[in-house]
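Chains here go by letter, A, B and C, matching the order in which they are written, and residues are numbered from 1 within each.
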């Protein structure tokens, strides 16, 4: 029966990477630019959880959300506003540099060995013992992400700001011509990106509590792989791509012995190259559909 | 009294390519004005510059006030609407969503001349296909939705870039009928057209644009000297 | 006369910088000499990066893969065979027994780098923009993973030690000079001129019958060869190597140098590599404590990365052509007239990103293009 828990665990890692993909995909959708520094937003969120470890859990999480949204917005103002209109690749390079600098900042501020976030560690307790080993956190991960995704879909398809975001994602220039205030839309994209980063920070630190300086970069690289595999120019597909990467990784980790897993990154990235060459619009984009080259 | 729109020595360049050398023109309240001229004369660039969508030199005055530095979305909220060339509907969104986006720039506290009912009466297909994806409509239908979307902001001035492009003769007739109705409720029109004769006949004032410069101004819609238009059109 | 003078300056500028660093370095303490050699080797890597990135306008995160391959091949085959057999018993037999000289290892590393980059390029050069960026990053990850875990071809996760240290100041300077000359010669070939022409408008270039793919592949291969060569210099400078040293850290540092110097010119690449190399060396000294008169200052560990990163970001935002404006050495003074070159772009198509315009006939950097907003 262990396949049940393997499956559930895989789903829970899938949704985490789905969330990472959302935070990249939202920004890409409206600006056609890549924000690699989103990983460092997650990292700062995780460190904020460590810093507020003395506070009640709810307060700690609330602060984490505020910190992530604030940092996300700071990146938008400092980096993305001056680079408006720059190519996606340029922003990838810039945010790569920024991520690296920030990683070094975490190193200076918090040291190289990592800080343990023991918040909500009770969630690591077992729901069902015996042959099906399930931890609460897995279910919380799936539930919380499910709520977040549902909320996001409702906002995108039922609210005015959501409609404006969809319009901007489809045709930036025409959206402006009909009077969509682009700055507001971009701001909201970064706010939602910050919120999903905060959620990732909370969920990941509960599951594996050690926060090191490269915490965020590792997450964002795998998340970006997922986004590329799914199809970067549609939020739904990008999210699905993130989910699949997390899901497959987790499942392989459970099934394949560890010694043979060392070449998993090689296979993953080979797969990335194959997809980029053969299906540049992503796995989930139907063949023959018109795709904007990025 | 100030004209609704005045372009003063407008100049648009892309890199070293000069798209518009110098354009000075006026559009009065409720008036239809057209820019005609060959491909590459700078007509579209002029409209985009009015909208603030491309960088330009010279001045654009709206109701006597310079719009220098304003962005397209700000212009939209000041009562200027644009139907870009190639319609540019949001293809994956429904007709209804496209129209709702049109109402974003509606000014508050102003009695609306144009509302959803007026537009639906003008274009019956809107009611018929409200929930259909815009990308599934025919070219002519998309053009109608694009014009409707622009009108729903209840603008004082509507800029139309080649609204008859690629349409059948019957559909072109329909477009000009629609323009007539729009002018009828007092919305000023700045029209870019390849179908010069038709446009000149329709408009109170017409400018023939060639190589980025105005070569001829025709008022009153009557072409007294067709030869002059042809010469201006093709340059000397 | 003028054009020839310009050509001379284009080569002499970077080369004299090499001489300056080598001479100044030699006059310093042993520890500082090591830093100076490191600056020369790092600059060689930056030149290798420039050959592809600067000429093609496509940013690559993958060139350090070729440095890695060069470094490990050269290091492994020059290390003593006896220790190889005891410390790396799983090696393929020919790798365990073959012994080559240090000079041969430099040539071999260049060849391997070129072959590897050529093969990777056959696939990667079909991509542009963001896809190319991500795919080259994937190459870096793949190379790192294979080198770290495949113990039949190298030391795997352990450090390869006992590599002969032969990259002296002279060797470093000559090596860097060779890379500069190769880059200079390449950028005056027809293939490279066509590649540069295609950079501004790949679609138009293709319409004119220019095979962007082929010319990019040439640049990528030469860049890979130089990177492999630089990798060999690197391993013979350090005397040991582990995969972590030729991975993301080095990718980041060398990209930052290229960006800050100005990615569009050889002069920019060399100046950026040397300039930031010196700054970098100073900062790493300071991280270990440095005396300013009587005051001892110790920068926190990681400060040099922060400063490099901030510099890179700021330059990309404020002056995307780098401190040299991506001009060659003295180009501004030696060009006849401040000619105008530019690319037009049709309105309506992509208003969000206009064409970026080179302002003096020099080749534009792969810079972000902007319009008002």
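In this text, contacts are C-beta pairs under 8 Å (C-beta built on N, C-alpha and C of every residue); 3 or more make two chains touch, one makes a residue touch a chain.
For clarity, every value in this text was computed on a predicted model and none was experimentally measured.
Chemist: Select the chain at the greatest separation from chain A, using centres from the mean of Cα atoms.
Modeler: Result for the farthest chain: B.
Chemist: Mind having a look at which chain is the central one, using mean CA positions?
Modeler: Closest chain centre to the overall C-alpha centroid: A.
Chemist: If you average the CA atoms of chain A and of chain C, how far apart do the two points sit, in angstrom?
Modeler: 31
Chemist: Taking the mean of the C-alpha atoms as each chain's centre, how many Å separate chain B from chain C?
Modeler: About 51 Å, centre to centre.
Chemist: Counting only Cα atoms for the centres, state how far chain A is from chain B in Å.
Modeler: 43
Chemist: By residue number and range, which residues of chain A touch two or more other chains?
Modeler: Within chain A, the residues that touch at least two other chains are 173, 182.
Chemist: Which residues does chain B have that touch at least 2 chains other than itself?
Modeler: 53, 71, 84
Chemist: Give me the residue numbers in chain C that touch at least two other chains, ranges are fine.
Modeler: Residues 351, 354, 371, 373 of chain C touch two or more partner chains.
Chemist: Please give the residue numbers of chain B that touch chain A in the complex, ascending.
Modeler: 51, 53, 71-73, 76-77, 81-82, 84, 88, 90-93, 97, 100-102, 104-105, 149-150, 153
Chemist: Going by the contact rule at the top, pick out the chain A residues touching chain B in the complex.
Modeler: On the chain A side, the touching residues are 163-164, 166-167, 170-171, 173-182.
Chemist: Where on chain C does chain A make contact in their complex?
Modeler: 58-59, 61, 123-124, 126-135, 138-139, 141-142, 144-146, 148-150, 248, 252, 255-256, 259, 300-303, 305-306, 308-310, 312-313, 316-318, 320, 351-354, 366-371, 373
Chemist: Residues of chain A touching chain C in their complex?
Modeler: On the chain A side, the touching residues are 32, 34, 79, 82-94, 96-98, 100-105, 107-108, 112, 172-173, 182, 224, 228, 232, 262-263, 265-266, 269-270, 272-273, 276-277, 280, 293-294.
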